[in-house]
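The next part holds the structures, each set out as structure tokens.
Look at the two complexes coming up: chain A is in both, with chain B in one and chain C in the other.
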Partner chain A sequence: MRRQLRLELLRGTAPAAALVMFGASVWMLAVHQDDWAGRWAGLASWVRQSMLILAALMVAAGAWQAGRERRRQIGDLLASTARPAWQPMLVAWLAVSLAGTAGLLVALAGAAVLVGRLATYAGGDWWWTLAVGVLALWTASALGVVVGRLVPLRVAAPIAGLATYLGLAVATYAPLGTVTWLSPVHAGWGAERLVPAGTHLRQAAWFVALTALLLAVAARRIRVALVCGALAAASVVPIVTGPLPRRLPADPAAVEPVCTVEGPQVCVARMNAYLLDDVAVVLQPVLHRIDGIPGVPARAADEATAPPGYSMIDDDGTIWFSLLGQSKALGGLERLDWLRASTDSFLARWGCYDGRRDEGAYDATVLARAWLHQEPPYGDIPVDRLLARPLPQQRAWFADYLAASRACDSTRLSELARVP
Partner chain B sequence: MTGRLLLLHLRARGGPAFAAGLVVVTALAWAGGSWLISRPYFDGPAARIPVVALTPLLGALLLAPTLAGAGDELERGTPAPWRHWRAGHVLAAVAAIGTPLALTGLHAPEVFGAYALLRNTLGCVGLVAGAAVLLGARLAWLPAFGYVCAVYGAVPRQVGGAAGIWAWPVQPSGVEASWAVAVALFVAGAASYLWYGARPRFGGD
Partner chain C sequence: MTVTVEGVRIGYRNRVVLDGLDLHLGTGVHGLLGPNGAGKTTLMRVLATVARPDAGRIRLLGRDVADPAVLRQVRRQIGYLPQTFGYYPRFTVREFVEYFAWLKEMPPAGVPLAVDRALERVGLLDRADDRMKHLSGGMLRRAGIAQGIVNDPRLLLLDEPTAGLDPEQRVDFRALLREIGVDACVLVSTHLVEDVASACTTVSLVDGGRLVFTGTPDELAALGTDPGSGDSPIERGYSAALRDARGVRR
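For the complex of A and B:
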């Protein structure tokens, strides 16, 4: 068996499967950096989100491997050997599964080096998410083996891969329910969310039972298939009667606030702490400029640190910002403009909008935003005139702007837009 | 005589299986597109991007095995105008894949509807035909499958510009560059196929 496995690993579909899985993983890691950069739990969650593609590829690889006997027309030759037909099939499946997993893990090892440089939180049982994902890949290759052995079509492998993709995608689009746990794909909830350990175990049991069922069907071992089918059905019951994937609890240690020690307070969740300096560079100057103006926010905080059910619309003296989609693999923020837009949110909260466009109010708001971020002058916005004044006068202008905005005083806002 | 030859050609190239597969793909495109449009949490007809990216690819994958017969050398030895037959084969295949798929996207055909389905059919068929020349009919599906899946997996946010060229299968139909790439792929793939035919098969794969 070992010799057979070595031969399959070296000369079967396995090397191609490893290469394709490595290439696909690297590509998906490169184009979705913001999902995993700097967070171990994010990396594990990325694997499960990418199952949409990776599982489809494993199905295609399994189908290609299992269709080999038909393509080479050596079915009769193999049937004439003393070894039971299921043994070479099992070895071939094992080889493809090992190779595909190795391809993914090599790519993940590269990503892990990048995550390790930045990560500020390593908890959250993220490795369970990863391990169950690997099990799901083995199930996918077993499904491919079934397709490859039962469907006598030359393009069975790519079509099986695309059909798997579509099936998993439809399951992702459907509303979240307990049945969602039967799919290997995670719907992309935040990296701070904790999947209960029991759910991981139930999913693992489901994937193992399903793999055994698929391999028994591929080997045409009816009795074994019936037993495995019963086990698979039994493993479904605790999943569909278990907890819903909606409203997963946040990991309290991951969302614990980590704040700046100097200057205006800026806080991020512990899992995002590697971004604190980058965020502070953008937000502290804004907080400093509005410091002392009555009623304006005095601190800024990551939305992940907000208590469950907390309304961030309320005027609570905090600028709330989101760091979703902000991480880069080598550190730093992806979209500074998104972060700046978050700081503008309190202006919108205090604004007055009755459905009609008021040019004066609009110009004053644009000027207020330009002043907050010390933007260079553009168009008719006289931000340079405002910035040329002493800071106390600038703050007085901003306080007037906020008061007029709250009072919906468009005449005053028009005057302020001209920087009297 | 030509009619009988045509029937023989279609049978030898797996025409019935291709047609049956196309019926399934068309039904999938129609059902998938209608379902996506009807979801209140998606943005209407523009939500059909999975259908637009993947169903023309499925159609082109089904075309791949039909691009060569069981005996390549035997076929080439017959005194038939093979270039004409190959040209007819590819053009008929584009019409056979593109027309029913475009019909499924007629409801709000712009953005990700009938036009984009037609564009992607051209591009995918071109990729498959060109790959048949380089890799043979058995592996002709591979480049189109890999490329479209990679682009789709990348979920490019940019519309037009460089993405209009490299991510043509997932661009809205209004992006002219995506049409230019798809048409260029079709012309190059179809021309090389009708000129050289599928790469002959030597032994197994």
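For the complex of A and C:
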């Protein structure tokens, strides 16, 4: 059977499936690099999020392969041969599944090289997420085989792929429930979230049983299909009675804080430690500028390091920032403005919002933000005048601004906006 | 007897295609003639175990093929070239024939030699590594015959095998048929009565789903007395046999 498998891998739908899966994977990796860059768990989670597209492509590939006999009008010839029909069908399915998986894995290998250069945390059982994803792809191609064998239409393959995409999309955007685990698609709940090993095992059992059921249906082996159907149904029970996806715990090792050892303290989760220097370059000057001002934050920390249930709205002396979607594939921060906006958040907490539009207060806040980030002068905001003063005077101005803002003293804020 | 067909009846969309047909064939090359829609292809499909009759009894290679276990054993010894010969265009000729050797459950060790021998017998050994999609119509037909004979079948069923072959290839093909027919049963369904006249030991004529004539080509030719009903004796015999059968039915 090895020769026939090799033949199908070379001459069947397999080469096209590998190419399409590779192309789709590379495209999705390139478009969503902030989802996986630098994090192994992020890469595995990205594979599962991409199942929306990848599973649909595998369904189409399986259907196209299985429809070959009909398209080539070779059914009579095959039906006259001794070998049971399920054997060539199984070989063809195996070839498409292997080739599609290879296409994905080659693309992932390229991404893995980039992740390996940066990653600072390799734990989190992410390989389980990846392995179950591969199983799901094989289930998808088996579904395609059923469609290809039972639907006598040339357009069966593209329609099956599209229908799979739509079905998975509906399941993905539906409210999270235990049924979500029946889908191969992960909703993207953060690289630090730990899917329990038991859930992975239950999902793996479900996909294996479903694959066997689909192949048995495609081969019209009714008794085998009934047995596999019973196994698939049995594998569903522990999934729908298991833990909910939205209550996934964080991986304690992944979110362990890693902090700067010099200058104002900036901490990130271990899984984001490769970004620490980039984050520190942005946040340490800010912390340094406000150092010594009463009541302002003295440190900055990655939201991922916050204990479960911790409220980051409280004025706890910390600038909280998120590194979700912040990493570039080659390292560095994707969106500096997001990080700067995080540092501004404590200004918002101190701000005065009484519902009235106050130009003076607004100008003062804009000036305070510009000063925090040492932005170049723009418009009629006199940031250059403020920055020209000695640092202690600048800090004094900022302390005045915070006091006036807390007191909702718009007259004083207007004065401060002019940098007296 | 290699083939025993008794009272086979098969219908398709409220139309009777084979109507209580009886046929007995032994070793040798047998021609199957008949007008379009006579039921030749359906009979070939039934004998190739692709179509199941609604009624009647079929024994192939001396065994009843209604039993699935027997059917599988019998299929290992059948070669079949359907009228519409489908193929996988990306396969090479060798790969295609080899694939069918596997489907026919040939012992793996003997496959490479059997494939080369089959390709040599149909004159395609020099094109063995060409893709199927690059073959001409006649070459495709020969590739189809190669897959049919790769397992040295005891029953070879060829439905319109000479369609697309040039005269020289047809002569070679007839020689091949005679060679195979020495120790196997070969049934050739065709419209070309000359092929039957020169290659077949017996000829069966089907019309309206019934067998209306069985005999040697010479016996068929002897029926033709009207000079205006064909260019050759066997064509005249063919027309006469049909005319007689239809006259009897009316």
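Annotations for the structure displayed:
Here, the second predicted complex is superposed on the first by the 420 of 420 C-alpha atoms of A that agree within 3 Å, B and C clash if a C-alpha of one lies under 4 Å from a C-alpha of the other, contacts with A are read in each partner's own complex, and residues count from 1 in each chain.
In the analysis below, a residue touches a chain if its C-beta (ideal position, glycine included) is under 8 Å from a C-beta of that chain, and two chains touch if they have at least 3 such contacts.
Keep in mind that this is a model prediction, so the values were computed, not measured.
When both complexes are overlaid on chain A, chain B and chain C end up sitting side by side without clashing. After overlaying the two complexes on the shared chain, residue contacts for A:165 are found with chain B alone; chain C is out of touch.
Of the two partner chains placed by superposition, only chain C is touched by A:3; chain B is not. Contacts of A:222 after superposition: neither chain B nor chain C is touched.
Touch criterion not met for A:234: it reaches neither chain B nor chain C. In the superposition on chain A, A:72 contacts both chain B and chain C. In the superposed model, A:82 lies in contact with chain C only, and not with chain B.
Vertex at chain A: the C-alpha centres of chain B and chain C lie 50° apart in angle, rounded to steps of 10.
In the superposition on chain A, contact of A:11 is made with chain C only, not with chain B.
The superposed three-chain arrangement places the nearest Cα atoms of chain B and chain C 7 Å from each other. Overlaid on A, the two complexes show chain B and chain C touching the same residues of chain A, namely 72.
If you check the complex, the residues on chain A that touch chain C are 3-4, 7, 11-12, 68-69, 72-84, 88. Chain C makes touch with chain A in their complex at residues 45, 48-50, 72-73, 75-76, 78, 80-82, 84-91, 95, 98-100, 102-105, 108, 147.
Remark: chain A residues 20, 24, 27-28, 31-32, 50, 52-53, 56-57, 71-72, 153-155, 158-159, 161-162, 165-166, 169-170, 173 touch chain B in the complex. Within the complex, the chain B residues that touch chain A are 17, 21, 28, 32, 36, 39, 50, 54, 57-58, 61-62, 64-65, 138, 141-142, 145-146, 149-150, 153-156, 204-205.
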